[in-house]
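Pasting the structures in now, so scroll down.
Across the two complexes that follow, chain A remains constant while its partner is chain B and subsequently chain C.
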Partner chain A sequence: MRSVPGVVPARYAEALQEFERIVGKENVYTSDEDLDLYRDGYSILWGEPEERIAAGAVAPASVEQVQDIVRAANKYRIPLYAISTGRNLGYGGSAPNYSGSVVLDLKRMNRVIEVNEKQHYCIVEPGVSFFDLYAELRRRNLKLIASQPAPGWGSPIGNALEHGRGNPAGDNFRNSCGMEVVLGNGELLRTGMGALPNGKTWATYPDGVGPSLDGIFSQSNFGIVTKMGFNLFPWPQTIRHLRIATHNYDDLDAMVEVCNALQTQGIGRGSGVFSPLGMTQAPDVVAVFTRRGGGTAAEINRLAKAQNMAVFMMSLAFAGPDKVTQAQFEVAHEALSAIPGIELSSAGIPGIGPANDTVVRAPDDLATLTDDQASNFGKPSLQRFWEDTAQFSWDGHLWFSPLLPQTGEELRKAHQLLGDTCREMDFYWGLPPALLYNSAAMGCAASAYCIVKNFSVSKSDSEKNRKTREVVLRLIRVAADNGWSEYRTAPALQQAVMDTFSFNNHAYIRTCELIKDAVDPNGILSAGRYGIWPRHLRKARS
Partner chain B sequence: MTNRREILQAALAAAVVLPSFGAAAAAPARMPLCKVLYDPRTRAGLAFAATAKRMGAPLHATHGDVTGVWFDELQPQWRQHRTAAAGLTDFHSLFVLDMMARDAGMRAVYIATHQVCARDRFEHRLFGPRDLIRQASLATAGYGWASSAAGIVTSFPDAVSVAAKYSSIAEARNIELTPCDLVSWVIAPPRRDI
Partner chain C sequence: MRSTQTFLILMLLAAPLAQNAGAEDLAPAHGKQVFELWCSACHKPLNPGDLPVAGTSSLQRKYGDSKPAALEQRTDLSPATIRTIVRHGIKSMPASRKTEISDADLDALVAYLTARKN
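Then we have the complex of A and B:
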């Protein structure tokens, strides 16, 4: 039996016995071989004394069991760490923030509670994966899409609570509606219209009356979400793509400006900015991006010409009735044609959209489509994860994902400053992708670019991992100094990111701590998550 | 620590004697397999499949992406009965299938890594039940090691423990591989002493 900090072994043993009474002995895990499965396989602290390790795991099958476990944990002061499917790799896996926590593994709570085909929503439990939800929609033969990331092995609830980005919704949290939560004292709460007994608009109207509470349960440790509603999207009749490419570094600002103007009118869904040149490993290109400054615009343009590769590439997707998407395509094509030197084609970004001139039409049977095409109609995949993994490191990776204003100027500045930070510390920064982070499906104007930079993790070289931690910590600082921040990060870095949210003497985290103390007075839920610590583990803030 | 016997140089190892179905009656119970995956694009995959087929294994060809076999075949099967699967694939295919298998209370109980060390030459490391690994060895000639690997996974004993006392499988979590390397593996419900 492993140890729980601050709890004597005999007391922990009693707690485990109580957990066993609640969920059955077979659903309580204490052996090393079982708990090894709860290590974060992509941990940047792999094999080091600081690696976050669970002391046990318990897997309930119902809300009532979750409540009973929480009450027992309060009684014995056992720290819990809730996970859904635990596959948030690159941003943290199943391992807790606070070593010695007992993982509350919700994978057995895997029921699709409701699918409403007329109002296009579903209500699910945390153990439901995107694959499970897709299977349920197919089983019912419903032509509906659940917004999902690549890959689809995670859970809608876990992903949304992390503000994961999905297709077609954008921010999956913004695509949710209504939740059920077990608070730190075991109390059961329903938000929005769910607070009304038998409320019939729980999953369609998000706010209820009074303050909206849902947001406080994302990236936090105030409760354990046991149900959540999500919007579903009808299959579009057609999907068209417009690819915009340039061999000129300075065209970026105009490309972004025109695409933004189109999207804020609800014309097209943007992909973000990709750089085929910046991602290639061709020696001439690597040599320039390794040098301080990362090359001038003229040098980059010369490289693009020599390599016959676009410096920047964007795409717009148009989804809906045939006549509408045709008209949108034509409007966007005309607007973008005004930028001299721009290359336009009716295709997607290679690797994430159709590579040829196709109009994807909603099929009678998804099996008639390629996997790429079928993903537009909600078919999840494991392949995208494979592609990322094979491209970078099979040992694992860590994402650095700062958000910045959606302008070409700011994106070029970020590449310069963050790139130089990497280069000073002998890390490579080409021109990593900047995904569009918004509620794109709604045609929402509020959006940002999210640079997704991948750092490889080693299973055998802790010195390499130490240097990677050092560079990412410095990047977090440089980003914050320029008004940018990561939107999501791994447990090992959450404290550092939260520390940069320091407006008015850290008023934000101080308010989070007030809420924490109120809803989880014994501090048993997910201690340290996103820098929110219970009172007894709180350190003096510098 | 992995001992010298567990690091098998193909050039040094002796050929494994494959158990036949006729001989299986006297041996410990074999683990039933619902699918045995291989990649027909590789010579090793073809050699592996040929032997697995002789052993009566339910073969399934993959081409890198295991989404289809997992979603259409393994997951429905695992929802009904926890039945083992095996294969010779790239590491990533094993990695994702191992992750998905955990939802069904299963996991990798045996992993052999086959790392490219020169043209058509591989270095092999085996992780799993210590008794089995002590006895196992892989053939040397050509891609004979892949046939041997198929023999091991298709005659794998039923109900193995993954406790460190009985198994070295935990050490496999520290392995470092490249996309060129291959792994043979068994995913199964382990014996839990609770």
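Then we have the complex of A and C:
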């Protein structure tokens, strides 16, 4: 039996017996062999004393069992750490933030509670994965899409609570509606219209009356979400793509401006900025991006010409009835054609998008589509993991993902400053992609770019991991100094990011701590998550 | 791909049957379901034009033409190798918890992936 900080072994043993009484002995894990399965395989602290390690794990199958476990944890002062499917790789996986916590593994709570075909929503439990939800929609033969991120084994609830980004919704949290939460004292809360007994618009109207509480349960440790509603999207009749590219570094500003103008009118969605040139490993290109300064615009343009690769590429997707998408395509084509030097006739690139004249039509049977095409109709996959394993032979990855204003000027500035920070510490920057982080599908014009820079994680080279931590901590600081912040980060870095949210003497985290003390007075739940610590573990703020 | 609910029902059905003489025959069938649920997304066979996937593409890179890249086509996998990789992971492939792949599921998966053994 492992140890729990601040709890004598005999009391922990009593707590484990109580957990066994609640969920059955077979659903409580205490051996090293079983608990090693709860290590974060992508931890940047792998094998070091600071790696976050679980003291136990308990897997309930119902909300009543979750409540009983939380009450027992209060009684014995056992720190719990809730996970949904535990596949939040690169952001913690199934490991706790605070070593010595007992992981509350919600994977067995895997029911799709409701799917409403006519009003396009579902209500799920946290152990349901995107694969599970897709299978349920297919089993019912419903032509509906659940907004999904790249990894299909993730949980809609866990992903949304992390503000994960999905297709087609954008921010999956903003695509949610209504939640059920077990609070730190074991009490059960339903938000929005769920607070109305038998409320019929729990999963379709997000607010109820009074303050909207849902947001305080994202990226926090104020409660354990046991149910959540999500909007579903009908299969579009057609999907068209329009991709634009340039061999001129300075064209980015105009490309972004025109795409923004189109999107704020509801024409096209999902445009990010990719750099085929910046992602290539060609020696001439790597040599320039490795050099201090990362190359001038003129040098980059010469490289693009020599390599016959675009410096920047953006794409718009048009989804809906055939006549509508055809008209949107034509309007966008005309607007983008007006930018001097822009190329609109690029061929398809596997994994990024088809050729501009491709029209994907909703099929009778998804099996007739390629996986790439089927993803537009909600079929999840794990395809993106090939980059780590098959392309780079990495042990895992760590994301650095700052949000920026959606302008070309700001994106170029970020590439310069963040790139220089990496180059000063001998890390490669290149020109990593910037995804559009928005809720365009929900009619929200406000959006931001999110640079997605991945660093490799090693299971055998802790010195390399240490240097990676050091460079990412520097990047967090440089970003903050320029008004940018990550939207989400790994447990090892959450405190550092939260520390940069320092307006008015850290009023934000101080308010979070007030809430924490009120809803979880014994500090049982997920200590340390996003820098929110219970009172007894709080350190003096510098 | 079957739903988790169906998957659990099949597990419950498989448990009493495992005591009967035909258990060995049933295990690979259940193992195929485990494979499809937990493994195939990364280890499916790739056809020309398919996008690369983590497992099959990395094994293709590792073994070239000396071994099939798709796990279901291998005849040389040992039970110990399968168990070790499922429970410990390898490279970017993470370990699977027992709430995901139970010990009984793992037994069935081993039976399925070793059924073609030479």
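One rule holds in what follows: the second predicted complex is superposed on the first by the 526 of 542 C-alpha atoms of A that agree within 3 Å, B and C clash if a C-alpha of one lies under 4 Å from a C-alpha of the other, contacts with A are read in each partner's own complex, and residues count from 1 in each chain.
Just so it is clear, a contact is a pair of C-beta atoms (placed from the backbone, for glycine too) under 8 Å apart; a residue touches a chain by one contact, two chains touch by 3 or more.
Given the structure is predicted, the values throughout are model-derived calculations rather than measurements.
S.K.: Between chain B and chain C, positioned on chain A by superposition, is the outcome a clash or a fit?
M.R.: clash
S.K.: I'd like to know which partner A:Glu343 touches here: chain B for first, chain C for second, both or neither.
M.R.: The answer is neither, since A:Glu343 touches no partner chain.
S.K.: Look at A:Lys107 in the shared chain and tell me whether it touches chain B only, chain C only, both, or neither; answer first, second, both or neither.
M.R.: Both partners, chain B and chain C.
S.K.: When the two structures are overlaid on chain A, which partner does A:Leu37 contact: first (chain B), second (chain C), both, or neither?
M.R.: It touches chain B and chain C both.
S.K.: Thinking of the overlay built on chain A, is A:Ser458 touched by chain B (first), by chain C (second), by both, or by neither?
M.R.: A:Ser458 sits against chain B, while chain C stays out of touch.
S.K.: Between chain C and chain B, which one touches more residues of chain A when both complexes sit on the common chain A?
M.R.: C
S.K.: Which partner chains sit in contact with A:Asp371 here, chain B, chain C, both or neither? Use first/second/both/neither.
M.R.: both
S.K.: For A:Glu48 in the superposed arrangement: first (chain B), second (chain C), both or neither?
M.R.: neither
S.K.: Please indicate which partner A:Arg139 is in contact with in the superposed arrangement: first for chain B, second for chain C, both, or neither.
M.R.: second
S.K.: Regarding the shared-chain residue A:Trp386, is it in contact with chain B (first), chain C (second), both, or neither?
M.R.: Touch partners of A:Trp386: chain B and chain C.
S.K.: Is A:Asp481 touching the first partner chain B, the second partner chain C, both, or neither of them?
M.R.: Touch status of A:Asp481: no partner.
S.K.: Superposition on A: which chain B stretch among 6-14, 42-50, 114-122 or 132-140 collides with chain C?
M.R.: Comparing the options 6-14, 42-50, 114-122 or 132-140, the clashing one for chain B against chain C is 42-50.
S.K.: Once the complexes are superposed, what residues of chain A are shared between the chain B interface and the chain C interface?
M.R.: 33-34, 36-37, 39, 41, 85, 87, 107, 110, 127, 129, 131, 135, 153, 371, 381-383, 385-386, 389-390, 394-395
S.K.: Going by the contact rule set out above, which residues of chain A touch chain C in the complex?
M.R.: Its residues touching chain C are 27, 29, 33-34, 36-39, 41-42, 57, 59, 85-87, 89, 93-94, 105, 107-108, 110-112, 127-129, 131-132, 134-136, 138-139, 152-153, 350-351, 370-372, 381-383, 385-386, 388-391, 393-397.
S.K.: In their shared complex, at which residues does chain B touch chain A?
M.R.: Interface residues on the chain B side: 64-67, 70-71, 75, 91-93, 95-96, 99-100, 102-103, 107, 162-164, 167, 169-170, 173-179, 190, 192-194.
S.K.: Looking at the complex, which residues from chain A come into contact with chain B?
M.R.: The contact residues of chain A facing chain B are 25-26, 31-34, 36-37, 39, 41, 47, 85, 87, 107, 110, 127, 129, 131, 135, 151, 153, 371, 380-383, 385-386, 389-390, 394-395, 458-460.
S.K.: Write out the stretch or stretches of chain C touching chain A in their complex.
M.R.: Interface residues on the chain C side: 1-5, 37, 41-42, 49-55, 57-58, 60-61, 87-89, 91-100.
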